[in-house]
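Sending over a structure as structure tokens; questions will come in a sec.
Labels for the chains are A, B, C and D, by order of writing; each one numbers its residues from 1.
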Amino acid sequence: MTAFSDRLVEANRATWTAMAAHPFVLGLADGTLPEQALRAWVRQDRIFVLQERRVVAALRAHGPPDGLDRLLAGLDGGLVAEADAFARTAEAAGFPADAEPWPVCLGYTSYLLSHALDGLLEGLTALYAAERAYLDTWTAVAARSPAGSPYGDWIQNWTSEAFRGFVADLGGELDALAGSPSPAVAERLGRVFTGAVRFELAFWEMCWRGQA
Amino acid sequence: MTAFSDRLVEANRATWTAMAAHPFVLGLADGTLPEQALRAWVRQDRIFVLQERRVVAALRAHGPPDGLDRLLAGLDGGLVAEADAFARTAEAAGFPADAEPWPVCLGYTSYLLSHALDGLLEGLTALYAAERAYLDTWTAVAARSPAGSPYGDWIQNWTSEAFRGFVADLGGELDALAGSPSPAVAERLGRVFTGAVRFELAFWEMCWRGQA
Amino acid sequence: MTAFSDRLVEANRATWTAMAAHPFVLGLADGTLPEQALRAWVRQDRIFVLQERRVVAALRAHGPPDGLDRLLAGLDGGLVAEADAFARTAEAAGFPADAEPWPVCLGYTSYLLSHALDGLLEGLTALYAAERAYLDTWTAVAARSPAGSPYGDWIQNWTSEAFRGFVADLGGELDALAGSPSPAVAERLGRVFTGAVRFELAFWEMCWRGQA
Amino acid sequence: MTAFSDRLVEANRATWTAMAAHPFVLGLADGTLPEQALRAWVRQDRIFVLQERRVVAALRAHGPPDGLDRLLAGLDGGLVAEADAFARTAEAAGFPADAEPWPVCLGYTSYLLSHALDGLLEGLTALYAAERAYLDTWTAVAARSPAGSPYGDWIQNWTSEAFRGFVADLGGELDALAGSPSPAVAERLGRVFTGAVRFELAFWEMCWRGQA
């Protein structure tokens, strides 16, 4: 039987396809990203990962099972490192890392946070959507990344065995908690997941086009 | 198959028995409650129902299914009426209704509120425990209540068809949401339910013995 | 001394000006709104007010002072009526009221909800931003609305004495709670307010341009 | 001017006095604690510190100022160490560390958690009450602890310079956030603080007398 986490992905296959074909994603993979898109991404994604730490804390406040709690503790450490990497990228490229969040970025982090506050299963579903979308999208385009690409390290990071293992473990925790959810809960979690992946796509669109 | 809500009660049968045999409960049913126990109960239970309104609001903030949302809206109205009835009882008996919450009262309402904030299913499970315990306990002792008992109206209220219907509907909503919960969620909700009914029993003990 | 609530507005004067000059706002006032913009607005704003009910519940779960609790109860009733009015407008115009939320709509409601869950003062500040922006913006353009405009009732609603009184009372409750906030809290609430009014502007932009 | 955090303590001076004179506290200081009281304390306090980790996570989910966030991260690590120390004490004394929480323990942790979920200032006030009560109470009785007391390490821990510095820093963060709170907020936080210290006293009473 298909795992609950995989069924969530299946139900959003069109968005998955759209993410892997998005000009921002392809530009980062090819190493041809325009300066303005790079700058938007580095700044807004840095805001995103800093806010994601609150999402992780909100999930841990639910008193999750031990295995999930350990995964979340590890994620928190990873987010600190990722925020630092964004700051170093900004510095290397010669622009300030600090910026105001744009509405889609603020909306996406608010969406994740409100669900993490709402409930353990709701918040875990939204977080899994974000992490799984990253893994699958960068995996889909990783082969396009030329040797020596300035963004090669990022793509390597999000397609590494470590990250793949983390996403698999997170999905395993979600599946174990969700079990065979009632129709009402399945509908609720399905809506949460779909909203998150639409934000993921909107986020890349925002980086590509600028704020509007 | 036994409904999830009924299995929760089954797993706490000993507490159910202890509640229906508790001297406070018997004293209220018989109409022989000492003045001090009456006073403690009226004041602390009034605090309880006022705090329970926050529990209801926290549950509604999760965006529950429509049927459950309507039940909760109705409960909120009932709690306002119940707080008024406690105030009138205090006035008729000649003592002020206002009081400081005692630790067990404050602990019980904090327990319900923290679970209502924690998640829809967690909070609904805790609330159901409180309501079902009231229905079953007063139903078990209602026949002892003599005609003209000063507390007859209270017992009638908590054994009425309307209240029985409300508790059945609340259990139905819980069962529909919970479905066949995963072992992890069943364990989690079972713990929430057991904690709530232990508080229910501790609450009556508190009314009977005084604060200590 | 300028009230805290008024200082929040002062600090966002540029957004206030931009709202009152936005083509969507002018189009609704003039009665010249393109069909597509009307449709987007009716559907997305209906989603907004339905979600705002969760915001109200989350605020009430904090156990606000009595006067504020009553204001929020009244707002909840108003939101039900407003959602119905949107549904009737959709029906009269011949399109289904139900729709999927667009990212900016979902982001805005998530933003309000996450702050309402975060704290009483944080959530009240965000809610006040939304209500005050509506009052001030429609007041600024109300004189443009010709007699017999199909949208005249909406503008009348958001510029009525009743709505003005509600917003003033809400601001009064915010000022009473906030007092003279510490620099850290003033900065925190200022950020919450600014984020909300930027979403308000982004919402109208979304209705005017379509989802993208 | 007296700091806000100190005024909270002043308003609860009677409870402070009662804590430092409580037979459980004196018994631990003197090293004369009955076996049953020791066992109750080790088990229930271990549950307490494990649940307090959720309180810390809930506070961090509010996105506190950086200095406070670092203090909370440090506290989390300390709680893990403290839970381990309780487990080792249980092992050395030959009884299992695992136990069911008693109502007052469950009520106290629910109280802290519900306020930590309720808001940053509310939760910080409740947490500060618990930490400050520990520091002041053990400081008051530390001189009674004889050399070689089996509980000497515990008392040394809660009267150490490190712990004193932590509590001072936590109070400083509370004072910086609270500023000169409005009457409504001062009343709200005062109530939160008083409830927490009453639970602290009730907790020791529970350890001393057993569950009832």
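Assume contacts are C-beta pairs under 8 Å (C-beta built on N, C-alpha and C of every residue); 3 or more make two chains touch, one makes a residue touch a chain.
Model, not experiment: these values are computed from the prediction.
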Greatest separation from subunit A - chain, by CA centre: B
Interface with more contacting C-beta pairs, comparing A-D to A-C: A-C
Interface residue overlap between copies subunit A and subunit B, same or different (over half shared): same
Inter-chain centre distance, subunit A versus subunit D - centres from mean C-alpha coordinates, in Å: 38
Interchain centroid distance [CA atoms averaged], subunit A/subunit B, Å: 42
Chain centre separation (subunit A, subunit C; CA means) in Å: 30
Residues within subunit B bordering two or more other chains: 62, 113, 117-118
Contact footprint of subunit C on subunit A as seen in their complex: 101, 103-104, 106-108, 110-111, 113-114, 117-118, 195, 198-199, 202, 205, 212
Subunit B partner contacts - residues on subunit C that touch it in the complex: 51, 53-54, 57-58, 60-63, 113, 116-117
Sites on subunit A touched by subunit B in the complex: 62, 65, 118-122, 176-185
